[in-house]
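Here subunit A shows up in two complexes: once beside subunit B, once beside subunit C.
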Partner chain A sequence: MTSDGDLLHTVTADTISDARRRTGKAMVWGSALLVALLALWQMAYETGRISTGFETWRPVLYAYVLWAFALCAAQVIVNGEKGKRTLFVLPAALFVISLVVFPLLFALYISFTDWNLASPNGPQPNGWDNMREMWNDGFYWNALKNMVYYVLAVSVEYVIAFGLALLLNAQIRTRKFFRVVFLLPLMLSPVAVSWMIGKSMLEVRFGPVSRVIRELGGEPSFFGSPEIARFMIMAMDAWTFIPFMMIMLLAGLQALPREVIEASKVDGATGWQSFKEVIFPLMLPVSVTAIVIRIIFKLKLADIIINVTSGGPGGATDSVTSFIFREYRDRSNVGYGTLLAIVYLVLIVIFVTLLLKLVSRWMERPA
Partner chain B sequence: MTETAIFKDHDANRRVKTKWWASRVAIYAALITWAIICLFPIFWTITTSFKLAPDVMKGNLIPWVDFTPRWKGWESIGISPRLIGEISTVREEFLKRFWNSAVVALSASALAVVLGSLAAYGLSRFNYKFGFMRNSDISFFFLSQMILPPVVLALPFLVLYKSLDLLDSRIGLILLYTLMVLPIVIWIMRDQFQGIPVELEEAALVDGLGIWGAFLQIVLPIALPGMVAAFILSLVLCWNEYFFAALLTATNATTLPVMVASQTGSQGINWWSMAALSSAAILPLIIVAIFLEKYIIKGMAAGAVK
Partner chain C sequence: MKVELYNYIRAAQKMNRRQMLKGTAAAVGAAAIMPKDALADGHGNVRAEILKIPGVGAGSPTDSDWQKVGEMCLGATKENVAEGEFAGVELTFMGLNNQNLHNFLFRGFLKPWEAYTGAKINWIDLAQADYNARLQQSIATGTVDFDIIEMGAPFEGDVLGKGLASEMPDWVKEQIDMDDYVDYLKAPVGTWDGKTYRVSIDGDCHTFAYRKDYFGEGGIGGAEVPKTWQEINQVSKDLVGKEDPLTGLPAHGYLDPLKGWGGFGFYFLENRASAYAKHPNSPAWLFEPDTMKPMVNNPAWVQAIQDVMDLIEAGAYPTDQINADPGTTAFQQFLAGTGSMLMWWGDVGSSARTSDTSVVGDVVGFGVNPASDRVYNAQSGEWEDTMNEAPNMAYIGWGVYVMATVEGDEKKKKAAWSAAAHLGGKDLSLWASAYPSGFQPYRNSHFQFEEWEEAGYDRAYVEDYLGSNADSYNHPNAAIEPRIPGIFQYYSVAEDELAKGYAGQYGSAQETADAIAVAWEKITDQIGRDSQIAVYKASLGL
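After this line comes the complex of A and B, so read on.
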C-alpha cells in the first residue's frame, strides 16, 4: 500500500461558501453549548442550588447524541468531499470514545474513592487507601496467580487444536460433518456450559462422569481440591474455545502452498519430518495470531467460574474478573472493585504489549 | 527394479497398504473420539430435559431404550404439547427473556456491522489524520478495545447508567454489546475490503458516482458475505454474553443466560427444568451453527490468513 496519499484517489474541486462554513460551525458549537448548559443545570439541580431540574441525566444524553450527529453532518457541510471521507470513520470513533474513554476516566476517579453502594454518603475520595488495601489483599494476588495458570493452559489448548486442525485437513470423508460438530462447543454460552458440564455431568452423585469414575473404582470429587477444581475450569473453558483456535489453524493449513509440501514428500520426508520442517514453520504466523487472540480472550475468563465454583474452594479457581464480580455483588464495594479492575487493566496492557513486541516478528501483521 | 509389478501383492506393497489402513483407522478413531467429546454434553442436556427424577438418578442414557421420554422438563418452562394451547406464566417469562436476548443480540450485531464496516472501509481506502493519529494508530485504537476486560467498564457503566436511567434497559445492553463486538467486526471487515480491488471504485467514480455511491452500490454487494460472517460471529458473542447482563439488568431486560444462571442459584438443582432451559438457550445457536457454519468459519479465518 502506498504510504502517503489515498488508495482511492478522488479529484474534488469544492467551493464552499463562507456562509455554509459558518452554518456548519454554528451547528457544532451550538449543540455543544446545549450539552454544556444542560449538564451544568443538572449538576446545579443535583447539588441543590436550583429547585427545578430533570429527574435523570437523560436530557443531557439526548443533547450529546444531537451534538454527535451535528458533528458528523458538519464534516460534510464544512469540508465538502473531504468531509465525506471523514464520515466513514467518525461515527465508529465517536461511539468508541464516548463509550470507553469517558467511562475509563470516570473509573479512574471512582477507584480512588471509598464508594460502597450500601453506604449513604456517596463517594468520598480516600487517596491511596484502596491501593494499600489491594497490596494486603491475598485473594486478589491469588486471583492474579490463577490467571497465570489459566493463560499457561492456552499452550495445551493450542496443541489439541493443532492436532484437530491437522486431522480435519487430512484426506477424510464427511469433513463438513466433523467440522460442524467440532465447531458446536463454541456456539454454546458459557453459562449453559457451566450447567451442562459443571453442574450436571460432573455432579458427584448422578453425573455420568462421576458414574464412570466410580465404575473404574475411583471416588469422584471435582471441585473439592484446589488443583482438580482449577483443572476442571480449564477443561471446560478449553472445551468451548478449542474450536476457535482450530478453525484459525485449519484456515492457515488450507492456505499453505501445496507444492512445498509435495516437494518435501518427493524429497522423501516422512510425515513427522514434513510436519516439523515444513508445515510447522510455515504455520508459525497463524499460530502466533491464534495464540495471542486466545490469550486476550482468556484474560476475560469469568462466566464459567462465577457459575460453577464462584471462586471456590478457597479462591483456588478465582479469575480476576470473577473476584471483582463478587466484590461488587456481595459487598457492593464499587470503589475498591474499580481500583482492582484498573490495576488489572494496566497489568494486561503491559503484558499484551510485551507479548506483541516479543512475537511480532513471527506474526504476519501487528494485531 | 527390473520386473514391473502388475500385482500389488508384493511384500513391500502390502506393508505400505497396512500402514495406510492403520493411519486411516487412527485418523477416524481420533475424529470420532473428539466428535463424541463435543456432542456428548449436548446430547446429555437434551435427553435430560425429557427425563424424570428416577431416570436421572439411575443414570439412564438412551431415550426409548433406557427410559421413556416425558415432557416434564419442558412443562416447567411451559412448552409441551399439553401446555402449548394454554396460558402459562412460566412460558411468558421464558419468552420474554428469549425475546430480550434476540432483540439485544440482533440490534447490537447490526449496529456493530454498520459502524464497523464504515470504519473499516474508510481505513482501507483513505489516509486520515486526526491530530497525531494516522491510519495505523486509528486501526490500533479500534482493535486495542479487544484487550479491554469487561470488568473495567462494568462498574463505571453501572453508575453511569443509573444516572442516565438506562439501567435494566435493552438500549443500555445494546450499546455495550456493540462496543464489545466492534473491534472484531472491524478486524474482519478490514480484511474483506483490502481484498476488493480499488479499480472497481475508480471505474465507478469515473462513471459519475460519489465515494459514498461507489461504496454503497459497488463495494457493499461484493463485501456482503464478509458482513454476514461478521454479523453472525457478533450474534453468537452477544447471545452468549453473561457478565454485563448479570450486572446491568434486574427484571425487565434480563437475557437468557442470566435466567439460566439464576435458576441454578435459587432452587438447588432441578435437573429436568434446568436441562430444558439450557437446551432452549443453546438450540438457536446450534441451528445457526449447522446452517451457517460456512460464514462462521469465514469470519474466524479472516484474521488468520492473508
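After this line comes the complex of A and C, so read on.
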C-alpha cells in the first residue's frame, strides 16, 4: 500500500512490479504489431506483391479485436486501480472509433476510387477523377442549387410555425386538442405523406384536390412546371416538419418569464409592441436552435422527392440526397456516389459551423 | 402466368358455380384414382392432369397444389437420377418472394424432388427491390453464398460475364427439351459465348394495347388501329381537343412515360426506337459491338426522342405527363380511361377487367409493337424506306442458373442441375404458365391452345391475348437488349438525361441523345471498355 499519489480517488493502491508493467506493454505492442503485420501482408497480397495471403480481411479484423482486448486488459495490468477507471471509458471509445472513424476513413478511400459494382476489376484508386467529374456534373450542382431554395424555405416555415405556436400558447378553447392535431403530420412518415398527398390527393386525374380545381374551372398541374413542382415538394415537406418547429417554439414560449411580459403590459405596450420588443428577443435562442435543427433536417430531404418526382421535371426538384440515391441504387456507382456524399458532408459541416458562429450572439438571452 | 392475368381470364370467362365444381371434382377425382407412381410416370396425360390442379376457377393454387404438380412432373428427373442419389447434399437457392410467388412455388415444386433425391435445399428469399443490390454486392465482395439462383437474363453480364456460373450439362438440355423454347430464347440469346447456362422459366416482351372504342367506323381516332409509329404520332396529335368516348374527359393518343422508373422507364423509349433502329441486318441496336460506341444518338434514336418531343410540343399528352412514370401511364391513365394507346408487359391486359380502378376492360385490344415505315441502317448510315417491325423483348425473362460454387463436387453439381431442370421442365412450365406463378409462357408448346381449352380456358381470349406474345417472341427481328454488366446503369442515366430533354433543358432531341451517349461512354469506361466489348459480343453470340 503506497502513501504517495492521488489518494483521494484511489480505493486500493497496489504496488505494480516492473515485470508486470513490461508484460502489459508487451501485450499492447505485440498485438498492435500483429495487426500491422497482418494488414501489411494482406495489402501486399491484394495488390499482387506476394502470392500467399488470406481470402478476406477477416483475420486482420480478428487481430484488431485482439488488440482492443489487449489494450483494455493492459490498462489494469500496467496501471492497476487507475487502469480500472480507464476501463469505464476505453471500450466505448474503441467502439466509437471502430464504428465511426474506421468506416469514415474507408468511405474516404472509396470516394477516391472508380468503384462501380458492375466493374470486374473492383475498386481502383483514380486520384482526383471523381472530384473533376463532380466539378463538371450538372446534375450535382443543380441539386445543390435546389438545396439553397429548400433551405431558404425554412424561413417561411419558421414564420408559420411561430404563428401557430403563439396561437397555441394563447388562452383558447380546446387548446390541448389543437396541440395534438397540429402535431399529427410530424408523426407521419414522409414516405406516407408522399404517397397520400403527392401521389394520391394531388394525382392529376382522380385526386380530390385536382377534382376540386377542375370543378372550379381550372386545369390542375402540380408537378408539371419546375417552379410549381419545387413549391409542392417544399409544401409537403413543410407540412410534415412545421409541427416540429412549432413544438420547440411553443416550449420556448411557455418557458418565458411571465413577469417581464406583464411588466411590458403595465408599461402600456400594445400586443405587437410586446411581441416585437419582449417576446421575440427573448425567443431568439430557441428560434435559432429550432431553425438550425430544421435546416439540418432539410439538408437530408430525399424521401418525398424520390417517391413523388424522382427529381423531375428535368431535375427541378432534385435534392443532393435523392441524386446520390440514384447514383448508388440505380447505377451502383459506389466510388463517385461516396465522393458526392463526402463532399456534401464537408459542405454541411462548414455551413452549419458558419451558421452557428453567425448566430451565436443571439443564442444567449439578452440580459 | 401472372396473377392478374389469371384473375382476368377467370373474370372474362365468368365461370359459373357448376363449371367450378366440375373442375374441382375432376381434380379431386384424378388425384383420388391415380396412385402416386402412376401420377409421376403417366407421361401421356401428365400435361392434361396437372392442368386440373386445382382446376381453372377453383381458387388460387396453394402449397399442396404446387407439391402435387412437382410430384407429378418428377418423371423426367427419375430418368436421370436414382432414388436417394443426392442423400447428404445441401444446396442454397436464392430467389424472389414477389407476390408470394417465385420461391414459394419453387419450394412446393422441389419438395417431392427433395424427398425423391435425398438432397436438402436452403432458401434465400428476397424482395424485388433488394434483389439487385444483394446480387451485385455478393458479386463485388466475392461472397456468393448460393448454389442456384433465380435471375433475370439482363443480369447475365454481371454473373456469366465473370465466370460465376456453371455451364449446363448435355443431359439437362435433353431433360428440359430446349428445342421447344420460343425463338428468341434460343441461341444466341439463350446462350453466353456459345455456351448454355440458363434454364428459362419465363418469357418477357412489351405488347401494344389500344382502346377499341377509339378506332373503327366513326371512331374519334380513325377507322383503323395505327400500325406504325408515324401513324400513332399523327393520331395522337389529331386527338387533341377531342372528347374521350368512355369518360367524357379530354381524349389522348399514345401514352409515353416521361418520368424515369429506376432504369425500367428506358424500355419505353426503346419501344419506339426499336422500329427505327433495329435493322434486320444486325442484332445490335444500342451499342456498336466492336467499340461499345453508343448508338443512342444515331438518327434512329434521335427520331424516337423527337417523336416524344413532338407530342409534348403538340400538347398531346395528359396534364403533368412529365411526372408520369410507366406505372402511372399503365395503371393510373390507360386502365382508368385516359389515353388510347400504350405499350406494356402482360399485366395491363390482365388487369383491364380485374382491377377496381380499370374502366376499359371491355374495350381493350392487343397487338405487337408497332412498326415504322422507314428503318435506319446503322451500317450504311442511311435511312431505308421499308416497313420495319421489331418487338421489344423488354427484360428477356427469368431463368434458373447454377453457380460455379458447385464445380469440383460432381454429386452436388448434378443435384443442383437436376433441381434447376425440374423447375424448368417442359410439363411443369406448362402448369406455371397456366396458373398464377409470376411467369409467362415461353415455349412453343405453351401456345397449343387446345390444351388450354381442354383445361377450361376460354379459347378466343387465350388465343387473342397470348397470340400477341407468341408473335412477338417468334418475330425474326425481335429487339433484344444487351446482356452486359450494369445495363440498368445505362438505362438509369439515360432516364435522367431524357427527363432534362423532355423538360426543355436541351436544345433538341439530338442534344439530348448526345448527352445520353456521353454518359454511356463514361459508364463503359468506368466498368471497363474492353471487358464490356468482350461481354457484349459474347451475349450477341459474335
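General observations
Here, the second predicted complex is superposed on the first by the 267 of 367 C-alpha atoms of A that agree within 3 Å, B and C clash if a C-alpha of one lies under 4 Å from a C-alpha of the other, contacts with A are read in each partner's own complex, and residues count from 1 in each chain.
Note that a residue touches a chain if its C-beta (ideal position, glycine included) is under 8 Å from a C-beta of that chain, and two chains touch if they have at least 3 such contacts.
Owing to the predicted nature of the structure, the values given are computational and were not obtained by experimental measurement.
Of the two partner chains, neither subunit B nor subunit C is touched by A:Val266.
Looking at the shared chain after the overlay, A:Pro120 reaches subunit C, while subunit B stays out of its contact range. Contacts of A:Leu216 after superposition: neither subunit B nor subunit C is touched.
In the superposition on chain A, A:Val148 contacts neither subunit B nor subunit C. When the shared chain is aligned, subunit C comes close enough to touch A:Gly312, but subunit B does not. In the superposition on chain A, A:Trp57 contacts subunit B only, with no contact to subunit C. In the superposition on chain A, contact of A:Ala92 is made with subunit B only, not with subunit C.
In the superposed three-chain model, the partner touching more residues of subunit A is B, compared with the other of subunit B and subunit C. By the touch criterion defined above, A:Phe206 reaches both subunit B and subunit C. Judged by the document's definition of touching, subunit A residues 55-56, 203, 205-206 lie at the interface with subunit B and also at the interface with subunit C.
Per the touch definition, subunit C reaches subunit A in the complex via residues 133, 136-137, 139-140, 142, 157-158, 161-162, 249, 259-260, 262-263, 318-320, 322-323, 325, 332-333, 336, 338, 485-486, 488-489, 492-493, 496, 499-500, 502-505, 522-523, 526-528, 531. Note for the complex: subunit A touches subunit C at residues 55-56, 114-122, 133, 139, 203-206, 219-224, 226, 229, 308-316, 326, 329-333. Listing the residues of subunit B that touch subunit A in their complex gives 27-28, 30-31, 34-35, 37-39, 41-42, 44-45, 48, 56-57, 59, 61, 115-116, 118-119, 121-128, 130, 138, 140-143, 145-160, 163-165, 175-176, 178-179, 182, 186, 198, 201-202, 205, 210-212, 215, 236, 239-243, 246-247, 256-258, 260-261, 264, 269, 271, 274-275, 278, 281-282, 285-286, 288-290, 293, 296-297, 300-301, 303-306.
Listing the residues of subunit A that touch subunit B in their complex gives 4-10, 55-58, 61, 81, 84-89, 91-93, 95-96, 99-100, 102-104, 106-107, 110, 163-164, 167-168, 170, 172, 176, 178-197, 199-201, 203, 205-206, 208, 211, 239, 244, 247-252, 255, 286, 289-290, 293, 296, 299-300, 302-303, 306-307, 320-321, 324-325, 328, 334, 337-338, 341-342, 344-345, 348-349, 352, 364, 366-367.
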